[in-house]
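Both of the next two complexes hold chain A, though its partner changes from chain B to chain C.
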Partner chain A sequence: MTEEAVPAAGQEMSYVYAVCRAGTPVETALAGQPGLEGAPLRTVRAGELAALVSSVPSVSYGTEGVKAQMEDLDRLEVLARTHHAVVEAAYEHAAVLPMRLVTVYLDDGRVGEMLGARAPEFSALLARLEGHVELGVKIYADPREAVAVTGGAPETDTAASPGRAYLQRRRSQQRNHRETYRAAGSVAAEVPARVDGIARAHVAHRPQQGDLAQAAGENILNDAYLVQDAQADAFRAALAGLADDVPGVRVEITGPWAPYSFATPPAAAEGDTR
Partner chain B sequence: MSDSLAGRMGASSAASPYGQQQSSANLADILERVLDKGIVIAGDIKINLLDIELLTIKLRLLVASVDKAKEMGIDWWEHDPSLSSRARPHQAAGASQDASAVEAENARLRAEIAELRAAVGLPATSAAGAGQDALPGRVETETETETEEGGRSK
Partner chain C sequence: MSEDSVESLAGRQVALIDLLDRLLNGGAVLTGDLVLSVADVDLVHINLRAVIRSVTSDEPAPW
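Our next item is the complex of A and B:
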């Protein structure tokens, strides 16, 4: 491998967004559309496969450039959203395997070599994912919302001493907290049964937290399901109303996504399913 | 939900053809997938994927890759007080103390909560507060032990 390759300044490199089968509508539909930095997309073919690629400046996409982009949230966001936008646009036309962010080669020739070397693995994955989409299921527990719905702590005796009122309030908060999380757990446990027979595969992501998990409440379940295109509506319907009468518990379905979470070799993906 | 993000995206020259459908997707959901999922191949440019994962942790975006990094024996954030409460070492005395270390940490956290409440002058309880009320007497002794050990950080 050419790990030590250091492209000259001003040189362009090939950024790979996704891999698809050669000859699918992806190639014609996306060719010429803008990718990162506004550069036009093109495909690089090798045998039965094609990689969706655009040229990026080596200054910004070499080791140092990428680090700088990753450390700047605004730039990372543009990078991630553009990468995702290209993958998603491609996925509307045919099955694609999304690459991890910032998979960069020195030139198209190197991309072709990579495609050739990985052809059997990629073909098998495409065969598995064709005609499928990924749907995300997130469940949130929000004890504060539960309080709002149930009208706070009605049992609090306003005539009680401040200390006792505090204890009552606190006890009621704790009870509400426990009950909300327990209810969220029950809702989460019901998901697999509801989508049984619809979902083809399942991967558990880590619940979201941190600055970007802006949704109200705490994310207690963050899963991805692989579903046939035609079954996406059935999947949503199966989960409809799941938490409608459970105060403080919210179910969010995201997607359809390109099957990012299932684009790892089957052996690895099965390790994640449960 | 993320109008400002969508707006920023709109400003990017790359976004326009796909911008509309994109604006609805939450950045956390996207990052989780493009950084942590998808096909992983080492390209020609030597980009340390682990670096990228840890950078995202540093940015406190998502902690999506902590487990993976741990599997690879990378755990520096556990020694960084700004990233983990476990950075305060009390495990030096031996592995058999793991359980008591957890208890000690539990006690220390309770003590901290009690201190904070006292400092604010309110018996305020946190919105996310779980568990039982701290027992002040017991907590104080625990706090002293913790303070003694507190010297050897990192």
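Our next item is the complex of A and C:
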């Protein structure tokens, strides 16, 4: 199809959460797990693949409806967390390929056609992701924390004039700021070597900024690594203590996640190292 | 999947920003026969613009 389909008002559409292999015990995961708007989940099968789907009203999930949902942080959060809950519930039982948020089709028939058309690509991705989890690595630089840890600015000359003392303090702050960011950069640079041989692939996300980035300090690295499930503990161990002796630098590991960051076909993925 | 991973996958509240990183930048992107996807999130330009851009744009943030 070359033009965007337009759903009739009042119609139900098919929202796709993830794709998995048909015959995997995902149906078990779906029992009792509500989809968006509280609707029941179902699978749409085509060949060897199955899509996890629920019905959504076209009024909320057509172009205008989605726009409205994305403009409202509370609604966006419900949308994102519900999508995530379905993917996670399924991922506990089988390898799944998570879809990007708001992947909507007119009906199950079109979902099936899509599965058929993309079958080779989806099968290859599922084979690659099977038995793997995604782990996030975030590194923060927090100059204020560095000052607190190191006991504040170096001694200023108490006999100095107020102006001079101010300049000394200011220089000291700038030096602390520079050094904290430099130290954070060094910590970030050490990550790939530490996880070499454990991580299977790597994707760099943009450092987190803006209203939702509420953690202390500035996020300077926001990466995702694909790791064999059995290696997740080894991955954490490899990064343990990475910034323990580095004032003002913090390392956070998130996950395990379903492999969202690696579900984008390889051609479109950035920073895939192997 | 190990028991530990199953346990930690279930029942934990993840940070919304970490989730949006993955749901708006990651995930399989389907083009063609679909009604709509947020692959092009530029269509969103209101209160949430800064929030969305903060997890999707390649350009430096304006702040």
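One rule holds for everything that comes next: the second predicted complex is superposed on the first by the 263 of 274 C-alpha atoms of A that agree within 3 Å, B and C clash if a C-alpha of one lies under 4 Å from a C-alpha of the other, contacts with A are read in each partner's own complex, and residues count from 1 in each chain.
The working rule: a contact is a pair of C-beta atoms (placed from the backbone, for glycine too) under 8 Å apart; a residue touches a chain by one contact, two chains touch by 3 or more.
What you see is a predicted model; the values in this text were computed from it and never measured.
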{"item": "Partner chain(s) touched by A:D74 [first = chain B, second = chain C, both, neither]", "value": "first"}
{"item": "Which superposed partner A:T82 touches (first chain B, second chain C, both, neither)", "value": "first"}
{"item": "Touched partner set for A:R144, first chain B, second chain C, both or neither", "value": "first"}
{"item": "Which of chain B and chain C A:D233 touches, first, second, both or neither", "value": "second"}
{"item": "Partner chain in contact with A:R206 - chain B first, chain C second, else both or neither", "value": "both"}
{"item": "Touching partner for A:G38 - first (chain B), second (chain C), both, neither", "value": "first"}
{"item": "Touched partner set for A:Q174, first chain B, second chain C, both or neither", "value": "first"}
{"item": "Touching partner for A:P256 - first (chain B), second (chain C), both, neither", "value": "second"}
{"item": "Partner chain in contact with A:Y225 - chain B first, chain C second, else both or neither", "value": "neither"}
{"item": "Touching both chain C and chain B, counted on chain A across the two superposed complexes", "value": "1, 4-5, 7, 13, 16, 19, 61-63, 66-67, 70-71, 73, 76-77, 80-81, 83-84, 88, 97-106, 110, 114, 118, 122, 125, 136, 205-206, 208-214, 222, 254, 257, 260-261, 263-264"}
{"item": "Residues of chain A that touch chain C when the two form their complex", "value": "1, 4-7, 13, 16, 19, 61-63, 66-67, 70-73, 76-77, 80-81, 83-84, 88, 91-92, 97-106, 110, 113-114, 117-118, 122, 125, 131, 133-134, 136, 203, 205-206, 208-214, 222, 224, 229-230, 232-233, 254, 256-258, 260-265, 268"}
{"item": "Contacting residues of chain C [partner chain A, same complex]", "value": "1-2, 4-6, 8-10, 14-30, 32-39, 41, 43-44, 46-48, 50-58, 61, 63"}
{"item": "List of chain A residues in touch with chain B within their complex", "value": "1-5, 7, 13, 16, 19, 33-38, 61-63, 66-67, 70-71, 73-74, 76-78, 80-89, 97-106, 110, 114, 118, 122, 125, 136, 143-144, 166, 170, 173-174, 177-178, 205-206, 208-215, 218, 222, 254, 257, 260-261, 263-264"}
{"item": "Contact set on chain B toward chain A in their complex", "value": "1-2, 5, 8-9, 12-19, 21-22, 25-47, 49, 51-52, 55-56, 58-64, 66-67, 123, 125, 127-130, 133"}
